[in-house]
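Which chain is which? They are A, B, C and D, in the order written, and residues in each are numbered from 1.
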Amino acid sequence: MVEAVELKQKLFKITKDKRFEFTMMAVIVFSALVIGIHTFEIDPVLETILNYVDNLITIIFVIEITVRIMAEKKPLDFFKDGWNIFDFVIVAVSLVPIDGNYANVARLIRIFRMLRLITLLPELKIIIGALYKSASSIGYVLILMFIIFYVFAVIGTILFESAPSGLWSDVGVALLTLFRVMTFEDWTDVMYETMEIYPISWIYYLIFIFLTTFTFLNMIIGIILDTLNEEHKALEAESKDEDRILLESVLEHNKIMESKIDSLEALIRQKLT
Amino acid sequence: MVEAVELKQKLFKITKDKRFEFTMMAVIVFSALVIGIHTFEIDPVLETILNYVDNLITIIFVIEITVRIMAEKKPLDFFKDGWNIFDFVIVAVSLVPIDGNYANVARLIRIFRMLRLITLLPELKIIIGALYKSASSIGYVLILMFIIFYVFAVIGTILFESAPSGLWSDVGVALLTLFRVMTFEDWTDVMYETMEIYPISWIYYLIFIFLTTFTFLNMIIGIILDTLNEEHKALEAESKDEDRILLESVLEHNKIMESKIDSLEALIRQKLT
Amino acid sequence: MVEAVELKQKLFKITKDKRFEFTMMAVIVFSALVIGIHTFEIDPVLETILNYVDNLITIIFVIEITVRIMAEKKPLDFFKDGWNIFDFVIVAVSLVPIDGNYANVARLIRIFRMLRLITLLPELKIIIGALYKSASSIGYVLILMFIIFYVFAVIGTILFESAPSGLWSDVGVALLTLFRVMTFEDWTDVMYETMEIYPISWIYYLIFIFLTTFTFLNMIIGIILDTLNEEHKALEAESKDEDRILLESVLEHNKIMESKIDSLEALIRQKLT
Amino acid sequence: MVEAVELKQKLFKITKDKRFEFTMMAVIVFSALVIGIHTFEIDPVLETILNYVDNLITIIFVIEITVRIMAEKKPLDFFKDGWNIFDFVIVAVSLVPIDGNYANVARLIRIFRMLRLITLLPELKIIIGALYKSASSIGYVLILMFIIFYVFAVIGTILFESAPSGLWSDVGVALLTLFRVMTFEDWTDVMYETMEIYPISWIYYLIFIFLTTFTFLNMIIGIILDTLNEEHKALEAESKDEDRILLESVLEHNKIMESKIDSLEALIRQKLT
């Protein structure tokens, strides 16, 4: 038992070692490079070597995860951290034996290992956290955006259904076409086509572009202001406290002095009467 | 009479019930889905079913509006809120009997029911309010933008009237062409064509792009600063008050002490002389 | 003499009258509309009428300027305001008799009258002022931008001179091509062409896009921060003063009290010894 | 020796002279113009003249650098400033004799002289410094961006390898294609092609566009907030100090007064008992 605990501590030390982390980062980057090289047309010999390397990398990942699980006091504690589950799933999935016919699926799964870089670099975790936070703050704007898109898509299918390009044949295609218009990607081609059906249909596009651009701009401004306000309040609160403490201490001293003067007066009155 | 009042209160409770609101939201989303399915080529049987569902949804909407009107103390109070009028018009218009030949018009009207989601989600109302506010703050910039567009459109029609693409044939078309240039949508195609008439006409486009981009950027920055300033002042005013109160209280105490010391001195002089 | 002064005062009153300003705005907008209608193919009869209207508008403008000059105490004072000179030049130029062969030039000159709306709407003057201010604050960034453009244009002409599209034939054309790339307008068409000469030339475009986008972004951020800082300092300075005055008054009172206590002590010592 | 020192001081004065700096700026701008003129098809006679001018400019640059090195107390001190090394390298490289066959290389090298404008204009140095600073603050976001690009590029090559346009043939090409999609440059052409292989592949593009646009937006917002925060803290710190000093002085005076009142009380007690 004692030995097991000692082993755990040793393993824990290893997993927190900078050299261990750098090695794992190097393995991940190398693994991504290997998958990248696979996409070029390569020599069969190199192909065979790369496959061996691939398997070696898988083994290294399995060992790493095993070490990190064993380093925990209770192995199941490992799964209390979301990022650990993320790591585990990525490694576990790449272990599933896949038939040679589905080599592409195997490669698809393996490239997701690269996302483990995020787990290893704390700075990236922070950025992801910030992204997630600002993403959740724009939830309702996205709902509003979707309502605008859906209403315009239905209107588009009703008005321009007969357009020969088929860009308005059903509400799904129309949503994609509107997204294209929103990115200004050859949007005039779309417009000039429907203007042959309804010459006045430029109004439809102008209103759509104004509405979405304006909503989008306000979303960005909203994110900026939200973050600014939060930081500003934190800063204010902090700086205020110091001034407040000083001011309150001045006020307290004033009150002490007043009572002292009062008692002094009482003393004089008493002594001199 | 008493029963009528009781009924009103019951109805009022129902309209404020979360379950009532969720049901209505589900009906609206479902209604939007039904209209969306209509845009695909569908089986005649399904078509018939969807039409029945459509009518059912209309009936539900009518009942809902009726309940909400009756729940008010005075039915006409219902129309004092702009959003209520908005709801009422959307439901009322979809009741107008439309000939089968104008099925598209009927569908067009029905999709606007989806906008009722905005009425039901208070968060969306707030966003719409914020959009409206920042929209009104850029009114004059839009006037300036339109002046720039109009002046350039007239210049464009005078200079490039003979362009074979017909993009500059009159001031209306030219305005649309300029909007296209502003979104950078194949703007060089427009420019290369007119450069065959006037090789130096790239100056026209560069000046236009610089002017509009710069005005647009300043509009965005203006919105950011306006909103920031407003919030900042509100925050300052609030935080200032607390400090001010403390400071003024200190000053008051100081004055009290001074007068106390003065009276003490007077006392001593009086007693000891 | 007295009558002349009275006339001046009357004229001055008229020029400051809201109705006078609204009339002039209506005339300007109407004048812009007339020029706009000219760009459509119109009936010769209407054409003749519009020409009469045009002349009438010119006469109205001349009268307006004359009234405003005469309303000044010294007529030459009128030219002390830049916007007045702007008005005068626009009206004066449109008086130059232009041969029928140069009808287009006459129309070009007349559309600039629309810019007089800026002179009449004080809000637009403020916006123009703000634009001018932020434009001057980005002067050096524009110089940097131009250096980047020029260096890349020369490199482009040296490397891609032989491109069949002629987009890199000399430094002038290359500058225009780079501006096109910066607006992302079919920039891959430009790149794919030169990649046939130098397959590695995508690096040239990536570096250029990164440099210019990054410089552009920093310019925008710079404008935002500059304006924010300025307003912030103004606000701080103002709010600080009030607190400072209060604090200094507290300190002063403290010093007065100290000296009073000192003199009290001296009094007691003197009386009791 | 004394003469040498005097010469140094004279040279130092010259290098700091505004007229010297303006002359050098004019020479650099002129040098850039000469290279620009070279890109046009020009008369052989003008060509010969320009070549002489080019050599003259090189000589002027060599003299200028020599003077600036000699003006330093120790010539090697000149190389302690990074910008000086930058100047020196640019001038030195343009001295390397290049065979007539490599005239283009010579011209390429000479255009970099234009970058010396940055060394001469302190304002540009400041802007470059600010750019460098904000560039380093987005390092990790760029890593995240690259991970997203690389993962999507590998997925793209696996799924769309057979696309006839060859836009997804290997991971390098796919990265370039994704950059194109991110700039919205004819991205629907890319999408419509792969939608013929996998009709559902629009999901791939939507996710990619959302991820990169959102990350990019957050990067910009991050830069804005970083710079704002820094300036804000500097401002706060400064303004706080003044208030703090006043407040602390008030508190100190309060304490002095208290002890004075205490000693006064002690005095009275002592005298009157």
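Basically, a residue touches a chain if its C-beta (ideal position, glycine included) is under 8 Å from a C-beta of that chain, and two chains touch if they have at least 3 such contacts.
Predicted model only: the values in this text are computed from it and were never measured.
Participant: So subunit C and subunit D: same face meeting same face, with over half the numbers shared, or different?
Facilitator: Mostly different residues: under half of the interface numbers shared.
Participant: Using CA atoms for the superposition, what rotation angle relates subunit B to subunit C, in steps of 5 degrees?
Facilitator: Copies differ by a rotation of 90 degrees.
Participant: Whole-Å distance, subunit A centre to subunit B centre, using C-alpha means?
Facilitator: It comes to 28 Å between the two C-alpha centres.
Participant: Between subunit A and subunit C, tell me the centre distance in angstrom, where each centre is the average of that chain's C-alpha atoms.
Facilitator: 40
Participant: Among the residues of subunit A, which ones contact at least 2 other chains?
Facilitator: 184, 186, 224, 228, 232, 243, 247, 250, 254, 257, 261, 264, 268, 272 - these are the residues of subunit A that touch more than one other chain.
Participant: Should the pattern of chain-chain touching be classed as line, ring, star, complete or other?
Facilitator: ring
Participant: For the complex, give me every residue of subunit B touching subunit C.
Facilitator: Touch list, subunit B to subunit C: 140-141, 143-144, 147, 150-151, 153-155, 157-159, 161, 170-172, 174, 184, 186-188, 202, 206, 209, 214-215, 217-218, 221-222, 224-225, 228-229, 232-233, 236, 240, 243-244, 247-248, 250-251, 254-255, 257-258, 261-262, 264-265, 268-269, 272-273.
Participant: In their complex, what parts of subunit D are in touch with subunit C?
Facilitator: Residue list for subunit D touching subunit C: 32, 35-36, 39-41, 104, 107-108, 111-112, 114-115, 117-118, 121, 123-124, 127-128, 130-131, 134-135, 176, 179-180, 183-186, 220, 223-224, 227-228, 231-232, 235, 239, 242-243, 246-247, 249-250, 253-254, 256-257, 260-261, 263-264, 267-268, 271-272.
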